[in-house]
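Please go over the structures that come below.
Two complexes, one shared chain (chain A), two partners (chain B, chain C).
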Partner chain A sequence: MDSKQLEAFDSHVAGEGKVEPKDWMPDNYRQTLIRQISQHAHSEIIGMQPEGNWISRAPSLRRKMILLAKVQDEAGHGLYLYSAAETLGVSRGEMDQALLSGKAKYSSIFNYPTLTWADAVAIGWLVDGAAITNQIPLCRCSYGPYARAMVRVCKEEAFHQRQGFEGMMALAKGTSEQKAMAQGALDRWWWPSIAMFGPPDDDSPHSAQSMAWKIKRFSNDELRQKFIDMAVIQAQALGLEIPDPDLKLNEETGHWQTGPIDWDEFWAVVKGKGPCNRQRMTHRRKAHDEGAWVREAAMAFANKQQQKSEKAAA
Partner chain B sequence: MDAVIATALRFGDNAMVLGQRLGRWVSRSPTIELDVGFANQALDLIGQANLFYELAGRLEGKGRSADDLAFLRGADEYYNVQLVEQPNGDFAQTVMRQVLYAAYADIVFDFMAKGSNDDLAAIAAKGQKEMAYHFRHAGEWVIRLGDGTEESHARSQKALDFLWPWSHELFAYDAVDEKMVRQDVLPDAETIKKQWMESLGEVFERAGLIINEDGWQPGGGREGVHSEHLSYLLTEMQVLPRTYPGTQW
Partner chain C sequence: MSQDQTEQEWPLFEVFIRSKQGVSHVHAGSLHAADARMALENARDVYTRRNEGCSLWVVPSAAVTASSPEEKGAFFEPSESKIYRHPTFYDVPDDVECL
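Up next is the complex of A and B:
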């Protein structure tokens, strides 16, 4: 590697310069971004499943339309992010293969089940809420295509979060059965949501380099804290109880402090032992396998059309 | 039942049931682009159902909301054509069902949008644009599959053979429809059937598919007579409002 090139790159990035696809970049920078962006895309795709689980049973026409529109957005985010990753020289086929083979990861939170309607709503409130907290700083990411993708994605995630909160409010202010449903969802999704920010800072191998490269702007723990402070206030507004007996406001810092996060559970789910890891992967592979003949047909048709137009031109 | 209310319910139910069917593809499609497409089309259809139901509820004057009409009627009170309740099957069957229905709805809504009933015209004007798009999208897929691989061709011909009998019901007008024709709300059955055959004929020709007419013409959806499939579809769709009556969501 040319040390002058590297120096120039580092100072460009340190000065908040943007990196574009054709620019020279260190291989590690490229690989880090490919991993992060494709993982993000895979999360959008797998994330369609737990919410999609309630499309057929959404309890009103309005809720069904909101949910369909949201899941449609998530699929769109996946496509948009795959395109951003492709600008780094990885192909869509390689990324699909990495997800299907289990080599690539996706956000572990989607390995939890949506057992009631309230779970599907709570995903909008908490998971989209956590996603925005993570992604707003990514709008300033040093890699241009990712930063631009995030600007659009964040707008939609913010909309999902508001709708999720509104949906939770309808349940929390509803009948006693609805309120119990909402509380049950918060009980199930609270800890996975705050674990979504990843391991604590002293146990986060990739963080320092990503900070220096302006891919990451805040540490996992800083982002987690931002989210907790926001979510606690919102849970109070809903009249729901956060399932953490140790939760308290730290008067000095003004931040909400939680009890210990169960990192053993987090790592177990990351390593495939969550309630739905196998189900999510089986579902994705089944969709992929059952669609193979359709994709082949589309390709065969496109080839025939091309041959026809070449013949006509000749 | 008043003919305008009946018509609103019939088209609302067609859209509701077909939207419910398409929504099932989301996260299960052959490509992510198709996941987006199916979600989008399901959304269009449920939007149409919502508008037709609001109108039906308002005209009926019994205080039934769009949600009441969607979630609290049983299969024998649903008036959709049986075509739209047929199972998704494989992708070939789903796009075939879509092209058969969308071609029809496109033509009917185009007429209804210029017709004498302003309420229905407003809904149809929006719906026509959507169904024209669904027809184009599904039609392109039927052509692609028909003229793709041997397997995709065989699956498409099978889908057409399976679904074709239910297409007849689209044109099986009853007294309500005839009244709507006289009032210049619906086009007459002969006219739409001719236009429909023209639209589809072109698609099938490019796809290399043939219509095998075997004389079976199931029907009765307009009067609430359905195949076994509809009750399952509604049971799943209605589970929450039925379990928790009177609850707002």
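Up next is the complex of A and C:
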């Protein structure tokens, strides 16, 4: 590696300069982004499953339309992100294979089940709320195509979080059974949601480099705190209780402090031992395999049409 | 490339959207499709779910010829050195209107 090039790159990025696909970049920067953007894309694609589970059983036509639109958005977000990753030289097929073979990771939150309708809306409120907290700073990421994709994603996800909160509110203000359902969903999704920001800062070895490269703007713990402060107030507005006996407001800092996060559980789910890891992957592989004939037929048709038009032109 | 040998990857298309009549098409991103027709329909579904456009272009990515970032300096130099092409280059009295 040319040290002069590296120096110029580092100072360009440090001065808030943006990086575009054909620009020279250190291989580590490229690989870090490929890993992060493709994992992000995989998360969107796998993330369709827990909510997709409730489309056919949504409690009203209105909720069904909303949920359909939301899940469709997740597919779209996955595609924006795959296309951003491809600008770094990785092919779509390689990324698909990495996901299908289990080599690539996706956000471990999607390995939890949606047991009731309340879980489907709790995802919108908490998981999308956490995702937005994470994604807003990514709109200023040094890599142009990723930042631009994030701008689109954030614009669209504002609706995801709001519909989730509205859905939670309908339950929380409903009958006692409905309120209990909402509380149950909060109990199940609270800890996985705050673990979503990743391991604590002192256990996050790649963060420093990502911060220096302006890929990451805030540390995992900073983002987590931002989300907790927001979610605690929102839970109060819903009249629901955060399932954490140690939760308290730190008067000095003005931030809400939680009890200890169970990182053993987090790592177990990352490593494949969550309640739905196998189900999510089995479903993804099945969808991929069952779509193979469609992809092949479309390509065969396109090739044939092209041959025909070439013949006609000859 | 570790993909199934039998499966040929769909070509990549760049997507451009005209947000409303009167403005240019602007690059929005890219997508894979078997042919241009499918690219257009997929672009509609992926990039214009919220009335973002009234017209779409899809262009095979392979058909784009791009200037190279390494030659950026030399390539754009002719316009950089000609500051007299900008109105601010000229000294004119402040009290003369419509200049």
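Throughout what follows, the second predicted complex is superposed on the first by the 314 of 314 C-alpha atoms of A that agree within 3 Å, B and C clash if a C-alpha of one lies under 4 Å from a C-alpha of the other, contacts with A are read in each partner's own complex, and residues count from 1 in each chain.
Here, a contact is a pair of C-beta atoms (placed from the backbone, for glycine too) under 8 Å apart; a residue touches a chain by one contact, two chains touch by 3 or more.
What you are looking at is a predicted structure, and each value in this text was computed from that prediction instead of being measured.
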Completion exercise
So, after the overlay on chain A, do chain B and chain C clash or fit? They fit
Practice task
Name the contact category of A:59: first (chain B only), second (chain C only), both, or neither.
Solution key: first
Problem - chain B, chain C and vertex chain A (Cα centres) - angle in steps of 10° - result: 80
Practice task
Please work out whether A:203 is in contact with chain B alone, chain C alone, both, or neither, and reply first, second, both or neither.
Solution key: neither
Handout entry: Which partner, chain B or chain C, touches more chain A residues
Key = B
Exercise for the section: Could you tell me if A:83 is touching chain B, chain C, both of them or neither one (first, second, both, neither)? Expected result: second
Exercise for the section: Report for A:175: first if it touches chain B alone, second if chain C alone, otherwise both or neither. Expected result: first
Handout entry: Partner chain in contact with A:72 - chain B first, chain C second, else both or neither
Key = both
Exercise for the section: For A:262, decide between first (touching chain B), second (touching chain C), both and neither. Expected result: neither
Exercise for the section: Classify the contacts of A:241 with the two partner chains as first (chain B alone), second (chain C alone), both, or neither. Expected result: neither
Exercise for the section: Determine, under the contact definition given at the top, whether A:97 touches first (chain B), second (chain C), both, or neither. Expected result: second
Exercise for the section: Could you look at A:296 and tell me whether it touches chain B, chain C, both or neither (first, second, both, neither)? Expected result: both
Handout entry: After fitting on chain A: smallest Cα gap, chain B-chain C, Å
Key = 6
Completion exercise
Both chain B and chain C touch chain A at residues 69, 72, 76, 79, 292, 295-296, 298, 301
Handout entry: chain C to chain A touching residues, read off their complex
Key = 1-4, 6-10, 12, 29-32, 34-35, 38, 45-47, 49-50, 66, 68-70
Practice task
Using the touch definition up top, name the residues of chain B that touch chain A in the complex.
Solution key: 20, 23-24, 26-36, 39-40, 42-43, 46-47, 49-50, 53, 66-67, 70-71, 90-91, 143-145, 147-149, 151-152, 155, 236-237, 239-241, 244, 247-249
Problem - Residue ranges of chain A in contact with chain C within the complex - result: 20, 22-24, 69, 72-73, 76, 79-80, 83-84, 86-87, 91-94, 96-97, 145, 148-149, 152, 156, 292, 295-296, 298-299, 301-302, 305-306
Completion exercise
The chain A residues in contact with chain B across the complex are 45, 48-49, 52, 55-65, 68-69, 71-72, 75-76, 78-79, 117, 170-171, 174-175, 177-178, 283, 286-287, 290-298, 300-301, 304
